[in-house]
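Order as written gives the chain letters A, B and C; numbering starts at 1 within each chain.
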C-alpha cells in the first residue's frame, strides 16, 4: 500500500487528497499535514474585508471533510522534509512517505520591508482569514473617519487580483455611502503597468484598468518598490512618500521555510510539466509553492500568479501522474496551464481567460459584465459545496 | 438697514444682488459697482467668435435689470477697497459698506508674456465681448486665407473649456466649408495632459480628448509654458516655435488690481467654506476672484477653473451667509462645490459633471451626445431669460 | 504622332498606357517598357504568403493585355534615361520619346542592412511575387515547427500596410490551427508609434492598432532602426536583439537605379502637382518613384506610402496632363491626393480613408468590420477584371 503525504490543506492539498483517494481507494494511505484545520475559500477574502461575508460563510473544517473520505489529518506544522530518506518531520512525528505532495502556498515575507504587515508593521494584508478579519476592522475605521486608502503590492509579489478587486469594491462601497470624495484611493504596485498582473497583461487589460480606474478616480502608482513603511506613510525606493489612513499591501512572496530547501533561492520549487520535482522523483509540488519563470523580466521584480483555479488543475495532473506511476503506466499528457478568473468590481465584475496562462496565447479575454458578478457569486457556493462533500473542485 | 456693496456685474455679482434683495428686501440697501454696464453670457462667446451669435443675442443691460429690482447701480471702476474702514473708492465716490461682496472675475495678465494679447500683442483672446468680436474678425480672415490656427492656454490659466470648445467648433466649421485640410489646428496648453482642465481630469477625460482630437486631426502640445509671441510665431520656454496664422491664447490669470491687496501674491482672495474672507469678516468673495488651491501641483502652473455655474452657487451660499449674519442666526452649511458643464463640440457636445469639483469625487462623468448640444442651446436662452427678470441663475 | 514611352508595367504603367491610348487613340504611339511581363495584383501578396491565393489567381500577362489595345510592349530592362536627348536605353534598344512616364516603383535596397533579404540574407520579404512565393514556404515551415515570427519594416520604408496585414493574418491562421501560443508574433517597425503608417497616423489609428494588437497578443517594437541580421536574430541600432524563426522585414526603399539620376539622393523623383518633373517638362513620374516629403520628420526616417490606389490616381492626372499638353490646352486642375485602403485583418478587415493623404485632412477614417473584408475580396476580382480588359483601374 502506497503511503502518500500531502502538505497543506487548502485548494491544492484537499484536491490532491480527494483525487488520490478517488483513484487509488484502499491501495493508498493518504495523509494531509497542516497547521491550519480550516479550509478558507480565499477568493472571498476581499468580500470578508468589505463586510459582505462572515468567516463562517467561507470556512470549512478540514478534519471533518477528510474523515468522511477516509483520509488522515495531521494537525501539526511541518518542520522539514528529508528528501533523501523520504520523511517529513513535525514537532511530534516523523512521517515516512512513498509520494509527497507539497501544496504549502506562499510564505508572506513581511520582514523584507521594514514596517510592513499587520503584526510587526503598520499595514494591513488581504491573504489570510485572520489578516482579513483584522483588515475589515481597519476598513470600518476608514468609513467612520475617512482618509487615504492605499491598495497594492510590493516587489516580488505574485498575486495581484485581490488588490484590484478591493480597489473597485472600496470605491463602490464609498459611493454607496456617499463619501467617496472623502477617501482618495491609490493603487500602488510593482507591476510595470496597470493590468500586467505578473503575466504581461491579458488581452487589452492595460487599457481596461487604465480606463476603469480613470472613470472611478482611482489613482495609480506603478512600477515601484517599497523601501519602508512608517505609521501613516509608505516610502518608495525612489524616495516618493505616500501618506495613508489605511494601507493593504501584499508583501514579497517566498516559499514556506519547511520546504524552501527543496527550491530556488526564494524557496519556490522547480517542477517538470507533471509537477514532479526536477530532482526528487517522488516529490510533487503544486500551487504557489511552484517555481514558474515570469514571461518577461519586469523592472521591479514580480511573479506569475497561481490562482486557486490553476492550483486545482495542478493537483489533478499531479495526482494522475502519481496514480500512473503506481500502476506502472506512462504519465498522463501534461497540458499548458490555462486560467479563468472572475474579478469582482463592486457593482459589476470582469471575466478573464488566458489559454495558456503565459503569452503568447491561443486565447485571451478580458470582459466586463454583471453576468460575471453572478457567475462569481454562484461559483463560491458551488465550490464550497463540492469541497464539503469531498469532490475535487472544478466543473 | 444693512448697506451691501457688490463689486462686479456678471454671474456672481448679479446673482448675489438678486439673492440678497430677495432675502432682505427693504432691510438692505444693495448696490452693484461695475465699470461695465453689460451682462454678457460668457459661455456663448465661442459661438460669437464662430459667427453663430451676435453681441445683442447674448448681452443684457445691467442698469435696466437692476432698476426693476430696486438695486442701485454705480457705473464706475473700483479703485481700491479699504477693508479696515469698510469703504470702497471709485474715481468720484467713496462708498461705505456693512458687507462687501467681491465678484470681479479675472484680470487678464497679458503683460506677463511679451507679444501676448489683442491689444499690445499678436494673439487673439476669447474671454470678453470686445475681444471676442475682434477674434471673430480674425477667424473670418482665416476662412478667406487659410493657415495654422493655434488655440490654448498659457501658464497660470484657470479656464480651459472655451479653448477646447473652439478647437472642436473651428474643426467642425472648416469641414462644413470643405477646407479643413488647409488649416492645421494646434491645441497648445499648460495642462500636463489633455483633459486635465486644471482639476486633474474628470473621469476618463484624458482618453476622451486624446481620442476626439485624434479622430479630428487636432494636434496637441501639452505641458508647455510660453516664452514670448512674435508676429506669426509662438515661442515656448523649451525653445519650440509654433507658427500661426491666428492664435487664440488665454493669458495668465490674476486678481483684479483694485482688490488684489486683499489676496495672495497673484491677487486671488482666500475665503472660508462660506466664501467669507479669512481675515475681514464682512467681506465675501465669489467666482474667479477666489483663491482655490489646485488638487495637485502641475509641472507648468495651472489653476482651478471657476465656471459661471460654480460662481452662481458661490453667490447663493455667500448671500445666505450674509442673510444669516444679519439675522444673527448660524451660517448655512457649506457644501463642497460641484459643477456641471456642457462643452460644445461643433456638431455634438459633451456633458461633464464633477461632485465635488476636485478629486477624489463622489461622482464624475464625461459623456458625449447630441442631447448635450440641445441642452446647451436651451440653457443659454433659459439663463438669459432668468437674468433679464432678476431671477438668480440655476434651476 | 506623339511618341509616349512608359517605364513599368504595374498599376501606374498600365493605367497610364490605357488612359493615354483612350484619350489619344491613333494620335499617339504608346509603348510600355518592363523587364517583367506579369501584372501582379500586389495587394493580394499577403494572401499568397498565407496560402490563400495561388500566383495564377493574381497574375495577368502584360503583353496579352496591351496587344488587344494596340499598345507596344518592350520586354527589357531599362538601363538609363537620357533626359536631354529624350531617349531611353535598354540592352538592345534606344527608344526616343516625346513624353516619358516613369512608373518604376521602388528599388528594394536590401544591401543597406547586412543580412537582410531573401537573396543574400536571412529574412523574407513580402513585396514581389517571387519573394512572396518563397515567403509562403517559410511560413509553412513555421506551421510545422513553430517559433517566433517577426514582421515589420526597417528604416526608410514607405509601405507599412502589408506588414500590419500579415501580423493580423498570421495571428488568425495560428488560432485556426490551435497553435497561436506556440508562435510569438512581434511587429517591428521604424514608425514612431503603431498606426503612424508614414503619414502621421490616420484618425485614431494609433489607439486602434494598440488595442487590436493587445487583444491579439501581438507585441510591438516601435521607433527602431535595424543594424544587421544574422541567422535567427535581428540586431537593432540600439543594441537590442530579437530572435526569430521567421522574419518578414521590409527593406529600405530607393528609386530604381535606371531612373535614380533624375531624382533626389535616394533616387525619388521630384514632380509638380501634375506629376511633371520639376526640371524636365516632358517627363512625368507616378507611384512609388515619386518624391513626397513626409508630413513630419520621424526619429527613425520613414517615407510616405504610395498605394496602388494613389498610383492609379496619379496615372490618370499625368495622362490627362500629357493629353492637354498635346492638344495645347491648359493642364487639368491638380487635386490633393487622397486614399482609400482596406487592410485585411485575417477574420475581419479595416477600412481607412484619408482626404487628402497627408494631415491636416478634410476627412480621415479608420473603421473595422466584416463588410470591409467583403469589399476587399470583391475589389480584387473587380480590379483584375478591369485590367484584363484594358480598362483603367478605379470606379
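Please note the rule applied: a residue touches a chain if its C-beta (ideal position, glycine included) is under 8 Å from a C-beta of that chain, and two chains touch if they have at least 3 such contacts.
Small disclaimer: the values here were computed from a predicted structure and weren't measured.
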Seminar exercise, completed: The assertion on chain A/chain C checks that the Cα superposition rotation, as a multiple of 5 degrees, is 120
Exercise. Is it true that over half of the residue numbers where chain A touches chain B are used by both copies, so same, or is it different?
Worked result: different
For this session: Indicate the whole-number Å distance between the mean C-alpha point of chain A and the mean C-alpha point of chain B.
Result: 52
For this session: Can you tell me which residues of chain B touch two or more of the remaining chains?
Result: none
Exercise. Which of the residues in chain A end up touching chain C in this complex?
Worked result: 201, 203-207, 336, 355-356, 359-364
Exercise. What residues on chain B touch chain C, complex-wise?
Worked result: 175, 178-185, 210-211, 214-215, 217
